[in-house]
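Going by the order they are written in, the chains are A, B, C, D, E and F; count residues from 1 in each one.
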Amino acid sequence: MNELAERLARRYDAEGWHEQRKDLASISIPALRVRDVLAWLRDEEGYKHLSFITAIDNIERGVFTLTYTVRNHDTKHSLMVHADIIRENPVVDSVHLLWEQAWTYQRELKEWFGIDCPGSPRKDEEFVLEGWDQLPMMRRDFDSLAYSNATYAERPGRVTHDPAAYMKAQLYPEADQ
Amino acid sequence: MKRDRMPYIPPAERATPDLDSGKYLLMWQGPQHPGITGNMSLRLVIEGDTVVDCETHVGYLHRGFEKLMERRSWMQNFPLVCRIAVPEPDFNEYCYAAALEELSGIQIPEKAVWLRTFSLELMRLASYLMWIGGQAGSFGHGTIIQWSATMRDYVLDLFEELTGGRIYHMYIIPGGVRGDVPAGYFKHVLEVMDTVQKNLDDIELVMYHNAVFKLRAEGLGYIPPDWIDRYGITGPNARAAGIKRDLRKDLGYLAYPQLEFQPVVGSKSDAFERARLRLQEMYQCIDLIRQCIDLMPKEGPFRAKTPNPLYWKVPAGETYVAAECTRGEYGFYVVSDGSEKPRRVAVRGPSYTHAVSVMERLVRGVNIADVAGLMVSLHTYPPEIER
Amino acid sequence: MSSKKIEMAPLANEGLPLEERALFCDVPPREYEPARGVIEDFYNWARSQSLWILGFGTGCGAIELRPLMTSRFDMYRFGIQPRATPRQSSVFVIGGYASVKTLKRIVRSYEQMMGPKFVVALGSCTINGGMYWDSYNTIKRIDQYIPVDTYITGCMPRPEALLAGFQELKKIIRAGRAEGQNLYARNFEWYKENQKKVIKDWNMPDYNW
Amino acid sequence: MDIKDFIAPFAVWKRAFEKPFTVKKPIDERPGAPRYRGFHINDAQKCIGCGTCEAICMNKAIDLVPAAGYAAKEGDSGLRPRVDYGRCCWCALCVDVCPSGSLGMSNEYVWIDSDPEVFRYTPGVEAKPWDGSPLGYRRAEGYRLLEEQRVEMPELDYKEAVQTFLELVRGYSRQQAEKEADRCVSCGVCIASCPAHMDIPGYINAVREGDMQNGLRLLYETNPFPEACGRICTHRCEEACAIGTGGDPVAIRWLKRYIADQVELADYGKVLPRAEADSGKKIAVVGAGPGGLSAAYYLALLGHSVTVFEKDSEAGGMLRYGIPEYRLPYPALDKDIGYIESLGVKIERGTAVGSAVALAELRSRFDAVYLSTGLPAAYSLEVPGDKHPRVLDGVAVLAAATRGEPLGLGKRVAVVGGGNVAMDAARTALRNGAAVDILYRRRKEDMPADPDEIREAIAEGASLVEKAIPLEVRDAAGAIAGKQALFVWNEARMVQKEDGKRPVPEAIPGAVHEDPYDSIIAAIGQGPDLSFIGEADRLELRRFKPVVDGFGRIAEAAAGAAAEPGAPASASPSKAAAVFAGGDLVNDRKDAISAIADGHHAAQGIDRWLDRKGS
Amino acid sequence: MIADIFVRIGYAAISLFILTNYGLLLIGSMARISAKVQGRVGQPVWQPYIDIIKSIAKRNSIGHGVMFYLGPVFRLAGGIGTYMFIPAVFGSVLFRNFSDSGDLLLVMYFIFFGQLGMALGASEGGHPYSALGVSRGLAQMTAFEVPFALSVIAVVIQYGTLDITAIVAAQQGGFLNWTLFTNPLAVLAAMIAFLGMSGHNPFSVVLAPQEIPIGPPTEYHSNLLGMLQTNRAVFNGAKLVLYMNLFFGGATNIVIMVIKTFLIYFINIFVGQAFPRFRTDQSIRFFLGVPTVVGIISVIIAVL
Amino acid sequence: MDFSTFDEALDLAIGREAAAVQFYTDLLALASFAAQKSVLEEFRAMETGHVTMLTNIRMRGRIELSATAAVDLALARRLDAEDKATAVMSFQDILVSAIKKEERAGDLYADLAAAASVPEVKEIFQRLAAEESRHRRYFEELYESEISRDN
């Protein structure tokens, strides 16, 4: 498989080949070449099956890392192709022309992360949400619990105690000073 | 150009019926509709009895699992994952556990491998039994669903006995499984397998040798073989088109390399073929369960040691673990940043492609009466689409 | 190709001011006096013996309704059967968690049902959020949005528990305590307020969906 | 499509002649499977309220609430888990993780109510129909989420160990320590059991995180003797450990030692808090044992100037003179003491209060005095012949060993007693080449010594003679008088004389043994030496103990017979400094950690008292 | 004369009452038989009663205009009308109804009348499923009416009368005189059409819960639904009696009527449990195929 | 010695308790530091209390002591009996003396009870012996918990 890594590196400046298992590897490519790489992988290297597309919010680095997982059923090998795009105004090429289901993933990316794939069909329609007016919820700076607490009423009357603090209050309250 | 080998039909290349013309009728099938699988909906535009346009609408079951998982520790996610696909939770458990074990470098004991295989096959059978009722029911055959739901219930009894849960088994825990089989369990399993097999024989006679069923299902929802890669179709839907792909064979995970089976492959690729193929896979499941019972080691530990669940830190890394579920490739993509909580967990459910892009494409031109049957024949579970 | 996108058909409540849009009912519901004495008892008996469940699997709970409907547990013998349309159903089974999108349909379906109507809520999620207590998309207490007659705890409750829940519901109906419809009418403003707080987008087709 | 497709479907009618699948009375006839995860049950007696269930619960379904009938006590927080069935998902991780194994699940599953508020209860405390259900989910045999075995501590081989005074316990490696620390569930139940209330979960977490500096900081918050305590502490915390309810307790002591060992003394100053500005107050501490020095440490931190008076030539008290080197090497102790001294604490070694300097003098020279003189005087055997020259006292033997004096114990040594001093004496004797018998009045399980010490002593070759009542010591026949002694003891049996009290050894008539020994080491107990407190000091004593208030301050003695009657206690001549006391002298636990806790506590008391006096 | 009319009306009312109850019990017991095939116990036989009471006991209802209300009324009128002109028991005064006032053509008209009325009402409901159901129902009705009409024609030609009583009378005197044996092909065509008429599988496209839940009555509720449920009993009973009269020799007493109608109805269940449902186009194609041919042949035979 | 009346018997007992008070007073005179004194004073006060109690009994003419003897922990008999009265008496020494004293008293009463011919007097001595055993037990327990902790 290392030949593939080399070819990818030569043709598309790919780097960081990592062999996770004997049937799974990952590699990073420049975001601008996503469509080229995937088309090449699909047509030339036999990675015909797109398992899924997703993104990781690497908020510390200020990027979304896209993951396209493709599979070559003949060699029984899966490849995770990573591409970093900046978090502000994230845009990436659409691959809906390569795979028919890709537009759904891209619609999901748009709704869940705010990642735009120009040209992808129905990308601006709501996917799973309805009337969502917050940050895209899969971004790490969206706090699910805080939103839930603020929006959905909880049944009152719950109270809990920390064993250590409770024992301290019960057994040696004088130590608290 | 090799790229042209696949003629391209853009997904949005759809008829644009003028809804105001009075010629068309806009109809929503679901979510409150008995002919829909689970809680989702189809926005159908029909002309007479023929569907001219379809949009899949999901999100009625969206609970934000992937976000919730980022909030919970590695072990706390274990009870959560099984809820992603309600009728078939075990595959979630397996994929998550396997991904976690791979990232942490934990080797699970032999016994756990077999018990996992066993419970996955049992789950597959239960899931298919649920499907077969749905398939018959979607064409209005109410008798089959009555039988098969009971058969499924017998299988769920087995799960209850083994795991303590009927629907959510939470048995395949990271590190192994949660318990050994109880005394006399396999005897019970074999009895139930006999009952199920006998009933499957009846169902085959009634459902698959049925003029009306054939009339309805044959030719319905034909998936051309060249769509398989283009649409990312996996599992029985792909195999029915003659593509021999089964992750159990291809990936050789768990104890599958030691089991004797051949993927069932069809050719006609219509609803009936898919139904027939699934029936054969049910028989195959029963056979695999029996093989598991024979080959399973009798003794030995069933769980490897794992770190303290409250403070389990997983080394940074990422992996994608896939398994062949009843609907196709079920996968968990897990990313760890080295902390006590996952960085990202993405779930790849086969219904994602089957119920959205494939369904929208296939349903065009189909009689409105066949929409439910077509949907069921793709065997989709909405919760795994929206997670 | 995006230009070929279908234009959504205009919806019944489109173009209405927001506050009116929120009201699914053409008229706000009103309270209905129960009949007198023996007649109401007789009616209640009939209502309790003929529970028609709305066939809307709103969550995981739907998975255990199917065994209940079929031969192993056979709820028909207790006078319970599924019904495909809210107009004819008398029992709404909230199958666990309700996402916001589903909640909108739940409210709509509930309002379409004819009184007296009963609500059975399954599982932890309906009581206090369940395992989705921190999810951004699921409500925590269904009783904030529609009146509930009976809760069945469990995750998932087994079919037997569901059955026991229906038997309990029957008792409640026979005792004349299942007045959810009137409760909803009486506290209509409160329920609407809660619903409005959660459901941001009220647009939906004017029939079914 | 052939004719079969029209005929075959009628096969459905076959079913009409078979038995229906239907369960007649589902609710009654179908109990949950034996493993069914139904409603929670809790053995509230066994439960210690550690809250691990709450920590593992992803649904936040469990609250810890005070339970009627269960008060907080050592090893039991008095809280019990309360489950919210509006949250629970019946995953049973709480059952799997429960350290004590008290949580379980019944196989009951029907709970219906029209009131949504009722689905909350405290299993085992609030009665439910399914309480005590024998069926239902339990943690499977051989399956635990928590590790029940502690990481074995590397030790010297006993055969080798007995040859030298090298430290027996070698300490954890980083990997071992992190693995052991990972067993902790941070419940905090142990904190109350530690006399010093150390932040045990805090520093264990520091080990887990590999943050030794933070760990050391946490240690020094309550205990300036981490090296010493990390080795010889009586670790009452480990008895309260939640993990210990179902397996080995977390090796809290060893982890403490690990932290202290990891940080060099030179780095202590960078990590630990600096002393506050000089307050100008002077405080005398009598006794440079753990209690006195810990008081000195905390007083010094508060900015006071502290002088410690120590009668021996080295500081450390019992840690140095009572505990042999192989358990607590002197460099480790010196490290602890060295850091305390580095804060400016003066230690006047070889200055005995009472003889070299009078207490009254201290009271006039200093603003406050802290007494931490401990229990230096060994009690005697109190049998005929116990003044025999070959009858030695255990504390003295250990002190002599520390000083490096020749012990001259001889070949055959009897140690009388079952406490830690006895064990230490026995093992010291073993290291001096003697054959050692430990004679104890009761049974092995009654021995007050640390079980580890007993185990090690026996492993090193001491033979334990249980139920031996000493009767007499006399000269052995044929031996030169004063060189060998004959130890006469009576075999005993344990008799339960009173219900609810521990059994009493009762001599078996006639079963008298006579054994000759070169030395007989009596280690039955020690008492205080209070001769330095005169009546004029007007300190209230009761049964050889100072009477102290909550902060360790010794009450002023009511005017005795000599003093003029009627003078109120508060009006006593309080020109002199207040006297505080702590440690073995005062408390009943008589271990180093209690003395340290007393010292810390008294330091706070003294500080307050000085504040009050100053203002 | 007036008194006579009132007596007849009284008799007809009693007869209708009995038939309604019989129809309800028949539905209940058939549900139990179906349940047996499905491996379960099934609902109580009297469940239909409770359902109707429950529907009537509903407190509120909404309307979609006058036609919407009239739909069930037409439907019920169709059912009652059908029954009123059929003699339920041959020779019985109580059960003769108004059979002497109308003939077979009137009965067939009433069969259509209910359907059409319902179609008008249901379409008013505004629900697309209602509309779809109605269009399916009408399409299928047109289809099954062809073999049915053909077989009726055959019978009429065979007996030379349109009077049902006369047709029954002609079949008396041993079972070999039944149309079943005298003109088996007509009966075959009629029975197949009957399957379609009853709306059981495989001809259940009208209600088709999995496809267009639940067709025309989707929007009906409360007492309107109660009327529909009552009509189901009446109309079913009327059809069964008609079939019994035309093809199975009628009944000379009520016990025979019960046995015969029960068995005729059972055929529905017998087939229905075994097959899924045809699509509309398939069922139309089916009815216009073999049954129509059979019907035509039966007419030809009758003519000959 | 044979005591035939209630008063006689009690006089003897009171006399013994008074001697005990004197015993502690003597020891107090020897004591050199505060801790000793406080203990001795406490014990002396205890004995003074006994004198008062017996005097009250004598006045009321009715013995009101329990007949149940305390459990014998068998310490007293083993302890070395040599005289401890020195200026540097430790807590142990004082306790041993006290135990011995109570034991001797108990023995005496037991002997007297055995020798008594009048049943009433016999009972008085038995009761007194039991009372002394309880005193002894008190000291024994103190000894066990304070002195002989490790044995």
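The rule is simple: a contact is a pair of C-beta atoms (placed from the backbone, for glycine too) under 8 Å apart; a residue touches a chain by one contact, two chains touch by 3 or more.
The shown structure was predicted, so the numbers you read here are calculated from the model rather than taken from an experiment.
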Partition of the remaining chains by touching, absent subunit D: A, B, C, E | F
Neighbouring chains shared between subunit A and subunit B, ordered by label: C, D
Touch-network distance, subunit B to subunit C, counted in steps: 1
Pair exhibiting more inter-chain C-beta contacts, D-E or A-C: A-C
Farthest chain (mean CA position) relative to subunit F: E
Chain centre separation (subunit A, subunit E; CA means) in Å: 61
Between subunit A and subunit D, centroid-to-centroid distance (C-alpha), Å: 50
Subunit C-subunit E separation of Cα centroids, rounded to whole Å: 35
Multi-partner residues of subunit D (at least 2 other chains): 9, 11-12, 15, 20-22, 32, 58, 84, 86, 89-90, 116
Multi-partner residues of subunit E (each touching 2 or more other chains): 35, 37-41, 128-129, 209, 213, 273-275
Overlap residues in subunit C, where contacts from two or more other chains coincide: 1-2, 5, 55, 70-72, 74, 77, 84, 101, 127-129, 131, 133-138, 141, 155, 158, 208
Chains grouped in pairs wherever the two touch, ordered by label: A-B, A-C, A-D, B-C, B-D, B-E, C-D, C-E, D-E, D-F
Touching residues on subunit D, where the partner in the complex is subunit E: 9-13, 15-16, 18, 20-22
Interface residues, subunit A side, partner subunit D - complex: 155, 157-168, 170-172, 174-175, 177
Footprint of subunit C on subunit A - complex, ascending: 119, 121-122, 128-134, 137, 142, 144-145, 147-148, 151-155
Complex interface listing, subunit B residues touching subunit A: 2-3, 5, 8-12, 58-59, 62, 64, 66-68, 70-71, 102, 227, 229-232, 234, 245, 250-251, 317-320, 322, 329, 331, 333, 335, 343-344, 346, 348, 352-353, 356-358, 361, 386
Subunit B-touching residues of subunit D, taken from the complex the two chains share: 1, 4-6, 8-9, 11-12, 14-15, 21, 32-37, 52, 55-58, 89-93, 96-97, 105, 137, 140-143, 145-147, 182-186, 208
